[in-house]
Every structure is written in structure tokens, then in C-alpha cells.
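For reference, the structures are reproduced in the following blocks.
Next come two complexes built around chain A: one with chain B, the other with chain C.
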Partner chain A sequence: MAELGVAVAADALDLAELRTLSNRELLWKLLRKPQFVVCSLALLGFFAMAAVPTLFTSVDPRSCDLAQSRGASTAGHPFGFDVQGCDYFANVIYGARPSVLVSVVGSAGAFLLAAVLGLLAGYFPGIVDSLISRTADVLFSLPPLVAVIVLLNSVQDRSIWVIVGVLLMIGWPAGMRLMRSSVFSVRNREFVQAARSVGVPPLRILRKHVFPNAMAPLLAQTTLGVGGLVGLEAALTFLGVGLQPPSISWGSQFGVAASYRDTPHLFIWPSLFISTMTISFMIIGDSIRDALDPKLLR
Partner chain B sequence: MSGSSRVVAVALALILLPVGCSQGGAGESKTKNALTIAITAEPIKWLNPANDNSSPGIEVARAMFAPLVDTDPDTGKLRNIIAESVTPDATSRTWTIKLKSGQKFQNGQAITAKDYVDTWNLTAYGPNAWQNNGFFSKVEGYDDLNPAAPAKPTATAMSGLKVVDDRTFTVRLKNPFSQFGLTLQYLGLAPLAEVARKDPKAYERKQIGMGPYKLDGEWKVGEDIKLTKWAGYQGEKPQADRVTFRFIANGDTAYNEFLAGTVDFVQVPATKKRSFKTDAPGRWLVSQNAGNIVYWAFPSYDADFANPKLRHAFSMALDRPALANLVGIATPAGGLAAPGIPGARPDACKYCAYDPAAAKKLYAESGGLHKPLTIYYNTTNSTGQIFSEALGNMVRQHLGIEVKYIGKQASEITDLATARKLHGVRIAGWGHDYPSIEDYLTPMFKSNGDANFASYANPKVDALLAQGDSEPDQAKAVAVYQQAEDLVLEDMPLIPLWHTQDAYLSAKGVHPRNSKFTGVWPLWSTIDR
Partner chain C sequence: MIRFVVRRILAAVPIGLVVTLGVFALVFAMPGDPLRELAGDKPIPASVLAAKRAQFHLDRPFLVQYGLYMKDMAAGQFGSTFDGQDIGEQLKLRVPVTLRLALLANAFQWIIALLFGTYAGFKRNGAADRLLMASTLFVLAVPLLVLAFTAQYVLGVQLKVLPVSGAGAGFPQSYLLPAMALAVVGFAGIARVLRTSIVESVNSDFVKTARAKGLGEQRVLWRHIVPNAILPVVTIAGYDFAGIFAGAVLTESIFNLPGLGQFLFQAIRLKEGGVVVLLSMLAFVTFVLINLAVDVLYGVLDPRVRHG
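Right, the complex of A and B next:
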């Protein structure tokens, strides 16, 4: 028994050296990358905008005077006015909330859902795997954008949570497949077999041994996908199936600006914010993936 | 310019030169007295004004045929074209139409009263299923030709139409209708020549007209319609010797064709309404006429909106000039009839002036809304949401109410309203069929009107409309209709918002007639190129 424990520990140590870094090491490694730090600060800024917009502007975004419609920037109104004659700076700041909520909650939710289902499908072949994988196949067979539009069109009052829910429903299968395949590569490794042989209950094995060793690819993919969700929210609103007025969002600002091409400031500001946020997420995702990639270690 | 780019420019010019010449149609249209007019629609399938109520069909009919009467573009008064006189009897129920003498079809056949009566009977005969059938539903005897589904027609001619002599016929209506004379300017009422009536199908490609232009050879479906001036037309002669109608289904494509110089005239599509002035400087025009009205419609079946004071408050909270500015090319509404319509008063509406303070007071007196105002907007086009938000912002800020928005396809909104399940406001609109104040009242505000968006019913309004319909004197009839308009505005089931105008592009040296009464007519362009 003691021998076995030593063997398992040695194996784990060996693997750890080969495989990955501890969380602290990972963080340290990331913080040494300047692009990661800059993008994290930018994201912090966007999160603050979403949480407490009044920190950035004291103007009410819904106080509008149609006479000012599409006016250029003046003192106190740095971004000028939108089509409805509302202060555009305030509107762009307040527009951060839906984008941040969709991207962060959507990604976290999709990560959780995909991780749990992927673990189950990968670790319990047979009926559990079939059930989950076939459901995913059905969802895969739907063209995602069409499915999202149909689902959202059937909802009368579309709140941000409805949109997050629909995106989760359509989005989890890809992550689940990734997780499932990495679980396959881990489940028959020696340390898992060892844990199984000493009678550790399956859920504990999944939590303690399989998940930490199989999550890296999914984590990288999720962080890379966050930016895409910001864009997707904007696209859906632009198509008229996303958020409805009076919600303020970059997507709807973008949609309105599309039909006023002679007033470029309507178009430039929200797109600048959308791109900055999307790129920040992508660079962070890239950094995490690089840090986790065993081929790039040492 | 550097040497190399000059070479490139010369080379480009050499390449482009033969291309410019090879476009036969384009080269032709540049000759002084020929016009190529783009019609932004699918090509029409036949040439028969009696069986065509589409706007492209009517546009072609305006060139090949002539109406009995029309609106004088300079004065807005009704003038006779083919008719010598149109006279109602004392109750406006029987109308006598006398034709001018010596008028001919383009095949030489004289135009007689019988041609009108026979063409109209052919159109009204149910089994023919011609598109302008419905026009004659006001005529006595129409029902015999159009019985309910399983029954067969019991007659082939309407009892209300009678030929008096070669140049005179009478029309007896089911009910008095003082505006019937105005409806006679519809080109769908043009007569077909005797040979064409005998075999309408055969003449769909080589129709015989009686207007300023005739077909230049036989026409094939899908091709341009080529017309040449017809010397036998006795009415006002247009300047262009040749006219080509080119059908371009997509508005943006037609617009780009104009910019490329292949057509001389095109209507600006909605997507270009904000950019046409810079795209074609000096070559655009905005119609002086706005034959339509846009409303904010309330559901009269909803108890929350029952108090007229509430609707007056909403109306006075709206800054119409700013809204018209947002729409682009539009006139703020000050009454129910479009400007230019006889009897339209720009200040008919007492509650249409922008006055936030008075609006707030009225709103308080009305008891207010006890829930957020639901605003339905049309997602079919990009402007539905923008205009609805502008309206919503104004009532929210000036009356202190909350608003919520629901975006739906236009057809879904109409279905909800028809089923009386729409519990909010929406934007609705109407364009007139004939230039009469009556056509801005009956469809929307008569209790069984065709376009009664608000499900409005007021017996007093119905009575006044009936009184106007039977008043043979036009001035008196208009005065009665104005009383009805005043009553409707006092109830305000629909808040009048604005009248939109159309914009057009026309080639350099081509100046289409632009009238505040009849709008833009490219056929009667002045050409100085």
C-alpha cells in the first residue's frame, strides 16, 4: 500500500513536471507578458463601465432632444449626439453592460456546462455518453445563427438573460466535445487508474484528477471565444433579434449607425469599443493558451 | 500627375471609349428628345390598363392612355382631358359623362361612349378577374356581375351604365358619391379599342392606346417598353419624342444604373434617402407633393386609451418639425389631409402644436396611463425602430411616463391589431387613391372603413361623410368633409404625424414636371440637353 502511494506520487510529480504549471506559476508567467497586463487593465475598465457607469459620466443617456439629432461633439458631449439627440458618450458607456454581461456570463456558463457534460460523457461511456453526445449532435446539425434567430424571435420580451440562455443552449456542444476528447486521453492514465483501484468514488476522481488535467484546452478555447460573444450580441441586436429599446447596447447603436452612413461618429465609437473589448479578450485567451501549452514550456 | 499615371489614364480612356459606344441603349437615350425612365419593380406581364392596378402598370398607362379628367398640376383643379363634361345630378348619384368630339384610338377607331361602357363592363365582370374590378363596386348592378362564390353572374353588363349617344353615357351609383368625378382620373378606367376588347389576350403585347405615346413595334414581356410620340393625341403633348420604360426590380440597382448614366430618371429608394443629394449633386428633385399621411395609431378597444384628453396630451408632446427632420424629406402634419388636397387646412388640428407644458397639464387631467406605454415598431425596415423611439422619447420626457418597445414584422402587428390584441401604439400610414379630402377620411374614420386602423366609430362622423357624399357642389361637399375632419381630430383616434415626400434623380438637362398637387411626372419633362 505504501509502495503504491509512493508510485502514484512519483507518477503525479513526473506528470506535473511534464504537463503544466501551478496556478501561481501560471499567473506569474502571465503577468510578465505586457500585452496581458494591458488587456487586463482595459477589461477592468470595461467591467467598471458595466458595473458603475456613473463613474464615467454624469449625463443621463435617456435624456434626449431630437433637435440635436446627429449633432457633432461639443463641450460636455465629447462623442456628439446620436440619431435621437441623446448624448452619445453616455450611451456608449451605458452600452457596455449588455456586452460585458453576455460575454462574461455567457462564457462562464458555457465553460461550466461544457465541462460538466464533457466530463460525464468522457468518463462514463455507454448510455450517459450516448445521451449527451447525441443531444449535442442534434444541436450541431442546426445552423447556429438561424437557430438563434428563430428562438429569439419566438420570445416576446427579450431580456439580456434570454439572450444569454439561448447562446448557452446553442454554444455548449462544441466545448463539450473538446472536453470529452481530453477526458478520453486522461481517463486511462496511470494516476486515474490508481485512484480508481484504491476505491476513490468516481465523482471525486473526476473532480480531483480528471478535471484539472483535462480542462486546459477548454479554458483556452473559452477565453478565445469571449470576444466572439461580444460580437455575436452586437450582431443579433443589429439583426433585430437581440436587445430591444429602451435597452442601450453597442449592437443597437451599431445597427442604427448602419443606416446613417453620412454621420460616421455614430459608427466609429461603438465599433471602437466593441473591437477593443473583443481584441482584449482574444489576447488574454492567447496568453493563457501559450502559458498552458506544454510544447512551449521551457 | 506623374508620367506613369498619365499613361494609365490614357490607357483607361482607350479601354472605356468603345465600351461607352457599344451600349446602344445608353447612347440612344442621350439623344436630345428621348427619355429612358427606370421603373423600380418587376416587369409587368401585360399591357392592359383595365387589368392592372400596380403602380408600374399605371405609370405605363399614363404614357399610352389618357384619363377622362385629371388634376391640373398648376392649379390643383380638376380639368377635362377626354371628357368634355362630367356632371352629377342633384344628389350626386347619377353622373353624366360627355366626351370631346373627334378623338381616336391609335388604330384610327373613333372613341365613343360605347367603348367606355363596354370596357368597364368587361372589367367589372367577375369571371374575368381583372384587377380593377373592385373600382366598380360603387356602381349599380355591379353585384349581378360579381355574385357571392358559388353563384354564377346573372348579367354581363352593369345596369347602372347607359349609353345615351355616341359621345354621352351615364353612370348610376348605388349610393350618392360627390367625389366620383375625382375618381375618374384613374388610368385604370381607360377604354380599350373594339378589336382589343374582342380578344384582350391577343392585344396584351400590342395594346392600342389613345394617349400621348404608342408602342414602337410589338413588345415582349421582360423587355423594355419602347414608345414613340403619337401625333393623333389631342391633349397636352409631352416634349420627348421617344420614351423607354426599363424595369429594374431592385431600387438600389436602379439608383446605381442612374449614376452610371444608363437611365435618365429614377425614384430614390428608401435606403438612399439620406445620401442622394451628395450622390447626384444638381440632378435630384424632391416632390412638391406629399400624397400621404403617417399616424400614431391607438387601439380604441383598449380602455386605457379611452380618454381623448390622453391622446391630445400625447399629440401635443410631439415636436413634429423635429420628427419631420428625422424622417428626412417630410412635412409636419397639421390636419388629416395631405397638403395640396383641396380643402386641406394646415392648422385644422388644434392639438398638433408642440406644447409640452399644456401636454403635461392635459395628461394630468386625463388621469394618465397606469402602466408603461407599449410601443410596437416594425422590424421589416430599418426606420421603424428609429421613428418609434423618437416618439417614445418625446412622450416619456414630456409626460413623465415609462415606455416599452416591442419589435415585430409589419404583418404581425397588423394581424394583432385586426384581432384586437394589440395593446399599445403603432405607426400606420395611408396614401390617397384620388386627391380628395374624402379619401383621407372615409377609409380610416368611417365605422366600416377599409383602413380603420383604430377601429374607430362615431355616428356623427358617418352622418357627415354621407352628407358630403351626396352634396353635388364640390365647395359645399368639402366644407361638410371639413366638419367631419374637425370631429375626428377632437376624438383623435389616430394622431397625425407627418406627410412623406418622394425624391427622384433626373439626368442633366431633363426637368420633370414637379407639382405641389400631382407630384413628379417624368413624361412631361422639359428637356434642354
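Right, the complex of A and C next:
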């Protein structure tokens, strides 16, 4: 994850000097890219899977027949059966929900949190900035993942929301720093000084003038990071500090597959789904960044 | 230079204290009694429990516990885990495992990233460049979990060229798969940054001057472009090494390697505050030292940022 963050930040800094693009222009540019359209459709599919799994399968993922344990695919059961003899297709479909929720809610939350804290830290130097930045420094120097695992381990009943909450609590500093640096580049521009000179209150300046002009790098970083959250949720569940047994998720399917190496379909199907989803998020993020890139606007 | 190094190390001390205190507090705040859980369902005599509590200072208030742990650590006495293993011995067994994994993974990822990134940036929009951009996007997008499982299945279960998991097969064999998995994930970020940096250098004036002087393409690339473009990549090296530890927790679990990441994970599960703090401290010190080395190296590579 660290590598991704650095690579994205390096790319994203270029966006600080940005000519603002209206939402309609942006959407139009994006819709002309075939890979964006294909990936958006794929994601819509995953969202539908998460919202209404019954659209895709009428089989109950929890009705199992032990005699079929680890069975190969048969008619009506295209992905075969899992260790308990449950229909694997239904299980993989139902596993989409945690991944979609963690990635979408997690990134939206991270964007908001990082944006608000970054705006405050960048626009109010002094106590506010020191308070926020020093907290970020401390969180940064905790060994990555350790804090997440410790926090998750101390919760007895871990729901999706607990996982999202912990990831937000630990994950905001990187985005905050990016936002803070782009606020620095905007805060003394003419239009901000003009607004200040006619007596616009600071919070309104932040909302109406600074935020729209400083958000592009953070937006690009967030969209590129969405896919990573899918993998992170699966990894945490695989390690045993994520979702717990009765809930169905791709991460726990990996955990089971690790003990049954001779039954490859147990990991192939969740792998395919999770990779398609993360790649779609990634390509969409890449397209948005390209569309926002000022060098390509010229 | 020496003043710079000393200043940086002094500045790291308070952060290190805050980090260890924070980690210790997090573990302390975890619900449940570690000793009772260790005993499982068996009843445990009150006197034994009290003796064990006293041995691990668990009967003392939070700050006193923290102080005693730090004192023991500073004296080099790591003590034993709750189930009686000597922590110093464990470290002696486990540090080499993680170190080998980290070094091998880094060797792989830097070699691939430097060659691939340089070439792709130099021949921008060429075949290698397109291949690099597509493959890095793919690699950054596919979760480590999926990469590792696929590698284990193809190379371990099907082709049987490498062991699937465990450290039983000794140094190179057991470590190749996990190191490759880590390296593939790590190389993408480095190669991308290097490519961007090379592309920027290619268009700069000193390169035009070098070409105008009539230097050959290879000489322009290796003597003029690469030394200038390498700086941002060196910066990532520091970040990247910090990520190794986080990667180790997951990788050592997937590949069942008895390293520090696995130790840390077990310690968190058993609420061994002392071990978690010790390992976090180790990770933090490594992080500080590597970043310091990176900054010093920066000064060596680029005369403009020499530290006074």
C-alpha cells in the first residue's frame, strides 16, 4: 500500500495547478474513454450484486449438503461447492457486499475526513495546523497495519462498520497531508484574497473558494486507492481480524482456501471477482486522473 | 553532516516514546485478561495467577507497567512471553527470517524497477513503456492475497518447483515465492515514479546540451539522465522499507514463515503488550535509520541538498 500511496502522490501533485473543469466537461471526457465505460459497467454489476444478490442467484448460500463437500461444478452449480458443500457461486456472489461497502464507504469517508482536516490544517496555520499535523505524524510513525490489527482485535463483534471506522481512524493522515499541501498553493491566490478582502467568513471561503480548487489531487488519490481497500478488507478477514465466520466474504473464502490447496476452485473464483473489482476501480481512478491532468488540457 | 545526523536521531526519540506509549496503550486497552485466556477453560489457582501477574507487572497501573517494560528493554532484558518462551531467543530465530525475506524482495524489486522504469521512461510511448504502464496498473490493482495464492498454486502445487509454504526448505527456496510476491507489488510503484522522473529529465536542457555535444545515447542516458532522475526514487526507498514490516505480517501469514511479522501478529492476539511494543520499536528504529540513510544518500547524490 505504501508504494501505491507514494506513486499516486507523486502523480497527484502535478494536479495542484489545475484549470477548473466543469463537472459536465469532466463527465463527457470520461464517457469518451471505452475503458472507463466498461469498468463502470463492471462496477455497477458488483454494486447490484452487493445490493440485491438474489438478482444473480436464487440459491441460498447457507443451505449446504456435506456430501457435496469441495465438489466440482455441475449443472446449476457453475462454481462447484465449498468445504461445507454449499453452492460456491451463491457464496461468491454474496461475498461482494462487504468488499463493496468497505471500499465505497471507506473511501468516501476517508475523502471527507482528509479534506476537512487538510483544509483546516492548511488554512489555519498555528495551533490548528500543529494539532492536526502532529497527530498525523504520530499515526504515520506507527508501524503500518499494527494499529489496525490491534484495534480490530479489541472489538469482539466486528461488523463492516467497525472495520470501516478503524480504517478511517488510522488512514486519514496521507490524504490530509496531500490536501494540506494543495491548500497551501491555493490559499494566497487572488480570488481567495479577494473573497477575504470583502469580508467573506473563513468557513465560506474554505467551502466555496479553497475546496473546489484544491480537491483534485485528493480526489485522484482517493479514487486510485479504492481498489486497495477491497484488498485490505480481504487481507484483514484472511488474517482473522476482519469479518467473522457467519458473514460471507471473499477474505474468509481465501482463509478457507488456504487449507485446501488441492481444490483450486475455492480460491480461483473469489480471486477473479476481487481482481476484476479492484482493476475496475483502478482504471476508473486512472481515467479520472488523466481527465483532470492539466498537462493534457493544453 | 554529523550535526545533521545527531539532530535527526534526537528528534526521533520523543516520537519513538509517543509511538511505544501509544502502542502499549492500545494493547493495554484491549478487553479480556491475557493470562486467563491462556489457561483456556481450565481453572487456574488464584495464587498462580497472582504470581504470573506480578511476573509480568500486570498488577501495576498502566504508566508503571509501561515504565518497567521500557526499563527492562533498555537494559537488554526482554524477558519471556506469557507462555514462557524467551523473547531474546525468539528474536534471534525470527530476525534472520524477516531480514532474508526483506532483502531478497528488495533485491528483486529494485533490479526490475530500475531497468524497466529507466527503459520505459527513455523510450516513452514505446512498446516497453506501454507494457510497463499496463502491467503496473494490473499489479497495483490485484491484491497481494490473490497474487500470492496464484503463485503458490501455479509454482507450488501444480509445477512443484518451489515449496508452497513454510521455511522448511531452507534459504533460497522457501523465500523465493514470498519475496517475489512482495517484489511484484513493490516494483510497480518504484518503476512508475522512476519513469515519470526520467521523462521529465529527458526533456531538460542539460540533456539537450549533452546530445548537442555529440554524446552517444547510452552515455546520455546513464551519465546524465539517470543520476538526475534517480532522486525521487531514492526517497521512496525509505517509505518502502517501512512497508516491508506491514507486508511481512500478511506475507508471513500466507506463506507460513516464522518471522517477526508472524510473531507480532501472535503477540497482538495474545495481548502481549511487551512484545508488541518491542517489535513496534524495532520497526520504528529501522524506519528512522533507513530514512536517515536515505537523507544522507540524497546529499551524496545531489550536491544541491548537502546538509551543513
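Throughout what follows, the second predicted complex is superposed on the first by the 279 of 298 C-alpha atoms of A that agree within 3 Å, B and C clash if a C-alpha of one lies under 4 Å from a C-alpha of the other, contacts with A are read in each partner's own complex, and residues count from 1 in each chain.
Quick note on the criterion: contacts are C-beta pairs under 8 Å (C-beta built on N, C-alpha and C of every residue); 3 or more make two chains touch, one makes a residue touch a chain.
Everything numeric in this text was worked out from a predicted model, so none of it was measured.
*Asks:* After lining up the shared chain so the two structures overlap, which partner does A:Pro246 touch, if you call chain B first and chain C second: first, second, both or neither?
*Replies:* In the superposition, A:Pro246 touches chain B alone.
*Asks:* A:Asp60 contacts which: chain B (first), chain C (second), both, neither?
*Replies:* In the superposition, A:Asp60 touches no partner, neither chain B nor chain C.
*Asks:* Pick one for A:Tyr260: touches chain B only (first), chain C only (second), both, or neither.
*Replies:* A:Tyr260 contacts chain B only, not chain C.
*Asks:* According to the stated criteria, A:Glu25 is in contact with first (chain B), second (chain C), both, or neither; which is it?
*Replies:* After superposing on A, A:Glu25 lies clear of both chain B and chain C.
*Asks:* On chain A, which partner touches more residues: chain B or chain C?
*Replies:* Partner touching more chain A residues in the overlay: C.
*Asks:* What is the contact status of A:Val83 with respect to chain B (first) and chain C (second): first, second, both, or neither?
*Replies:* first
*Asks:* In the overlay, answer first, second, both or neither for which of chain B and chain C A:Glu190 touches.
*Replies:* A:Glu190 sits against neither chain B nor chain C.
*Asks:* So, A:Gln156: does it touch chain B (first), chain C (second), both, or neither?
*Replies:* Both partners, chain B and chain C.
*Asks:* Kindly list the residues of chain A that each of chain B and chain C touches, one partner per complex.
*Replies:* The overlap between the chain B and chain C interfaces on chain A comprises residues 156, 258, 261-262.
*Asks:* Quick check on the complex: what are the chain B residues that touch chain A?
*Replies:* The touching residues are 271, 274-275, 278, 319, 322-323, 325-326, 379, 382-383, 385-386, 388-390, 392-394, 396-397, 403-407.
*Asks:* Considering only the defined contacts, which chain A positions touch chain C in the complex?
*Replies:* 1-7, 10-11, 137-138, 141-147, 149-151, 153-154, 156, 227, 230-231, 234-235, 238-239, 251, 254, 257-258, 261-262, 264, 267, 271, 274-275, 278-279, 281-283, 286
*Asks:* Spell out the residues on chain C that touch chain A in their complex, using ranges where they run on.
*Replies:* Per the stated touch rule, the residues are 15-16, 18-19, 22-23, 26-27, 29-31, 137-138, 140-146, 149-150, 152-153, 156-157, 164, 185-186, 188-190, 192-193, 196, 232, 236, 239-240, 242-243, 245-246, 249-250, 253-254, 264-265, 268-269, 276, 279-280, 283-284, 287.
*Asks:* How about chain A: which of its residues touch chain B in the complex?
*Replies:* Within the complex, chain A touches chain B at residues 62-64, 66-67, 69, 83-86, 156-157, 240, 244-246, 255-256, 258-262.
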